[in-house]
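What follows is a pair of complexes built around chain A, which joins chain B in one and chain C in the other.
This part shows the complex of A and B:
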């Protein structure tokens, strides 16, 4: 461990963001300052570089820049993360689409795909999967690759099974209800290899694409019934949040639903354009 | 004497026996002579008696004729009879008187006998007899025998004197021939002896030669022999001795040539040499056998030791790859034991099960790729591992061998299963099958090797385990790093979330604070009970905070409006926000009117958790309402009118929007702020002019307008007129991608209700292609203008 690094200043962050912006198509200028500072700090520590060297490297080495961008992004996710949200989806949201011919779902910021698979499992349990078109995007191609494979660590992620039980096997609205859905229906657990592997019928279904919410707009030629964008906007500042809300709003069908993370809310101008149902925002 | 001693037997016999025999013959002759003399004398004596008797008869006759006694007549008469010798020349008979006088005798009549003879005669005192006497004559003394008989009638002796020499005269005549006979007999005898002795002597000679040769250590030939005499026996014995010696020598030679199985019979039980040789042979044999055994033991020991060294080397070389190790061990072991197949099993003792896994097998000089797992205690191998004892079968069950050569070879006969153990800890099992039986030392060898293999298996296992652990720990480190990263990301997310929430909370607090300071705020549960209330409400209603909490809101509602409120409440419970004027009865019947919004609050599951009431006191208004109902009605009418106007304006707006949409599709539309800031340009701008939305939007017209740059006065005028509420048209051309585009722009100022400039809309037309039809287009524009004016 080298000496304690200097705290990243606002000025440092600005240099960093500008460097990235000028040498690539990424734009972190409207990311949350505090979070971005911590990520930058982490990168400087991990690579044991000072800011000047880092910026030089970023300018000179495109691969390095890609790598840094990947490391800046936060990819926390899990299978059936925040079960109450999935209960909401199950009991209040997805039933709205029962009469739809197709259900277009966009996982914006899908990370390593657990949310995508959770959604497909839930849809399948609700017999809606056949009608669903799943789109999943993330800025980080590494995690997208993992998402496409659908292979996860087992021991580290024992909580997945708990969540699965809570969402799929139990119904919080009816404690007597118990659906004995075997895990093998959707994924194989290999304790020796320490893996959870999603079944092929799940992995081959979604369309995974690289996508930057800041600059890319809607890259699919479709509008959506449901957009999940959970724990993404917390890294954005107010202004960018509103831009993203606008993007989602404009690409939702009427009565389409935007689902945000557990602690994310729409405040400000776009609040009135949605009706709120828990973490779900229904386009008016 | 020495010469004699050196003589051989025949000579000795000839020298000694022949004279001896001659002497014996001589002695015998003498004795015979002596006896014949006596006999002859006795015979002569007897003859004399007979003659005397005859003379007595004559005397008797003469006596008879002459009368008694001796008379002259008698002498006469008798003289005749006595006048001739009886048998020989001098044996004349005589008649002797008692005194020894010859009464009658042919020659000595009148003589006398020597005195001593007469005395001897008298002394004899017998009627008849004989006696020796010496007749002494003038010349000689002659020995004579006087045979006599007394004759009584005459009182005289009738006697005959016999001369022995005369008697023996005949005998003497025979002596020479007798001597010749004796000599002849002696010679004959000697010759015979000689003839007899000669072969004996020769044989003795041969014997002695052979004995001499024997004495010198030579082995002579046999002596010819055909009889059972002593010499024959002697020869036989000698022959036997020679044979024995030959045999013994051959035996000794055989021993010398190490042919100890030579069939040798000793001459007899007392054959010391033979027995000694036999003993020697036996002891040599024993020594040889001992040597053989020792040699064998040495071979075994060397086999054992070189095997140990070889396998030690194998085990040392490959102690990091279990499979190669097992392959080499089993292959070399099978070959070293001259067996034909074998397998090596490793004992697996993991958490879930205990079993033996076939690491490698080798049969008929080939490695076999067989996968086999045997449970502990299962079959022979499993049993061996369980009991930790070597199993050795000389008969293998026919279905036991799992490897067949496929070449039709015979099934192995014996099976050896040896546990690989180290201090009673089992590490595996070795199984070897062979066409031959396994000697004890091979079994011991496999057991011994087993320990080494066990040690190596142990260390290899440990190595592998260590490597696995290392890899695992490496993997775990990587995993830990990944997990750490994940945790950091989690942390980051939590922090970001928290910050976001803080930000929102601050925002919410500002809002709530503003509400609390200006508006009435109530928090109700789904039963309608007041949970929270703010001070403005307290002031309005006249109850304190504590009095209100736990109270049903319905209880504050004016009784005649409660039904309506219930209806309202249900709507809210169904999830809709409702705005209404509530008529409340406060403390001491204080009447208050609240214009309030009731909003349901949901939790994440979408379940109703609380209802928020926000409103303000409209009592004064209400009072005014009541006081001037008319006014209120008017207001209501006004409101109605406004509503209608609003509807109309909405319609217009809708129409406008439709129009705008139409325009949007055909025209270049841009919207400007009164200060000239361009806030919007439509797609046609992009299509026709190649302007980029982001380049234009947010810019001021004066900064980008061609006119403003090149003709600022004109632009100023144009702009002023717009601000005065006058529409402005202008045409201009510009170069887009090498093509001259003509645009007619129509700027329309939009005034708000106060007549103040609110926005400027610019509608442009691409008139490039229609320049020649300008007039026509102008007409359409003027038509449009007219429509707009309407």
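This part shows the complex of A and C:
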């Protein structure tokens, strides 16, 4: 039950954000209030602390602060989350890169890596993987470790297989076409150990790095053909969203593409700098 | 008098919602927020199915979309839907609450905090307890709480849980809910 015993106030949130800001390089002051409040609430409940004790611990204990920061970020993801977006990638977006020598792709906010593996699987089916350079970042180093391993729970994630079938086995442009691509081509399923394990040719390919969209710029000394940033900016306020759009825009090649989440849009000044194609924004 | 209506429902609520939306005039003076449980992987077709008989447009909103009168905002599958100050929608992919995403409790609580006494909350048929706490929150902050008559519900768990937690203002059959909404004033 969502009983909220101690209601976190705006003032509490401000103290919390300021404490983190003054004792670390993290800055949550431009995060969206509603979600941040809920995360703070959860942290207070999980550690059974009142706000004063939490703030004291944050100031005194760097490891504790790192732990709390990790718990603030939301890490929901799945293999081929939102199949219609992957259909768009397959039919309208990735074919644009067919004559490229290299395809630079940045997964900003990659969480535990399911999106990165989905992308590599799709690229491989389209015979584009060899040309792709995959960069993937997240604020949370724990989820990055999981991403590098590429091992996921099996039973909890049966939806992954449905999504795989929808995106990989069916052709969105031709519903009569069916390619029986075996799962073992990309991952091994172990029902006893309850795991899905990505193949080595996939896990060894991406470059995973810690990165904070709030304070870090482009850390890769490369520009990108495609940037995926899905269900990340919903946690940012309008002003921070615009900063992030600027970062993405300036690090995309001309005609490069920014892909946002299913229910995210560019509002405000950066909207005119991109041409929209569904969830994809093409740099003008 | 009111600024918004929020409706939560789960198993057995689809037909009730369809009837309600069918009966409202295109000039309905308030925004309607809909938080309905549905299967995670069934996302296409739901808006269309609801829209067929609805006089007011039904939208699966984007994050930070402005909330406007005369429209119904349906929480997108697999996202929580919040109301933010400034009368905006906020979406989140945080963990499910009460095994649900969207969670009715979360939508109701955040709407209550923004609209306070100017909010009408309605709980319909459903098979779990999500929404009961949210409806209490609406009542606590001065809003109006309505529960569908459990005797009329296909599944009565959700309405009974709500009634147990909060002394609601009205227990209504679908027809009475419709009549109430047809007479509501902004």
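Going forward, the second predicted complex is superposed on the first by the 280 of 284 C-alpha atoms of A that agree within 3 Å, B and C clash if a C-alpha of one lies under 4 Å from a C-alpha of the other, contacts with A are read in each partner's own complex, and residues count from 1 in each chain.
Keep in mind that, in the parts below, contacts are C-beta pairs under 8 Å (C-beta built on N, C-alpha and C of every residue); 3 or more make two chains touch, one makes a residue touch a chain.
The model shown is predicted, which means the values in this text are computed figures rather than measured ones.
Asks: Aligned on chain A, chain B and chain C: do they clash or fit?
Replies: clash
Asks: Determine, under the contact definition given at the top, whether A:234 touches first (chain B), second (chain C), both, or neither.
Replies: It touches chain B and chain C both.
Asks: When the two structures are overlaid on chain A, which partner does A:92 contact: first (chain B), second (chain C), both, or neither?
Replies: In the superposed model, A:92 contacts chain B only, not chain C.
Asks: Go through the superposed model and pick first if A:60 touches only chain B, second if only chain C, both, or neither.
Replies: In the superposition, A:60 contacts neither chain B nor chain C.
Asks: So, A:159: does it touch chain B (first), chain C (second), both, or neither?
Replies: A:159 contacts chain C only, not chain B.
Asks: For A:219, using the defined touch cut-off, is the partner it touches chain B, chain C, both, or neither? Pick first, second, both or neither.
Replies: neither
Asks: Of the partners chain B and chain C, which touch A:14 in the superposed model: first, second, both, neither?
Replies: Neither partner.
Asks: Comparing chain B against chain C, which has contacts with more of the residues in chain A?
Replies: B
Asks: Looking at the overlay, does A:76 come into contact with chain B only (first), chain C only (second), both, or neither?
Replies: Both partners, chain B and chain C.
Asks: Just chain B (first), just chain C (second), both, or neither: which does A:207 touch?
Replies: Neither chain B nor chain C is touched by A:207.
Asks: Clash-wise, after the superposition, say which stretch of chain C runs into chain B: 41-49, 59-67 or 149-157.
Replies: That would be 59-67, the one stretch with clashes.
Asks: Could you pull out which residues of chain A sit against chain B in one structure and against chain C in the other?
Replies: Dual-contact residues (chain A): 32, 34-35, 38-39, 74, 76, 84, 231, 233-235, 238, 261-265, 267.
Asks: With touch defined as at the start, can you tell me which chain A residues reach chain C in the complex?
Replies: 1-4, 32-35, 38-39, 74, 76, 84, 159, 162, 231, 233-235, 238, 261-265, 267
Asks: If we count contacts the way the header does, which residues on chain A are in touch with chain B in the complex?
Replies: 32, 34-35, 38-39, 42, 74-76, 82, 84-85, 87-88, 91-92, 153, 156, 172-173, 231, 233-235, 238, 261-265, 267, 276-280
Asks: Can you list the chain C residues touching chain A in their complex?
Replies: Contacts found on chain C: 40-41, 44, 60-64, 76, 79, 82, 84-85, 90-95, 97-98, 103, 105-106, 109-110, 129, 132-134.
Asks: Can you tell me which positions in chain B touch chain A when the two form their complex?
Replies: Residue positions touching the partner: 479, 483, 486, 488-490, 492-493, 495-497, 499-501, 503-504, 507-508, 602-606.
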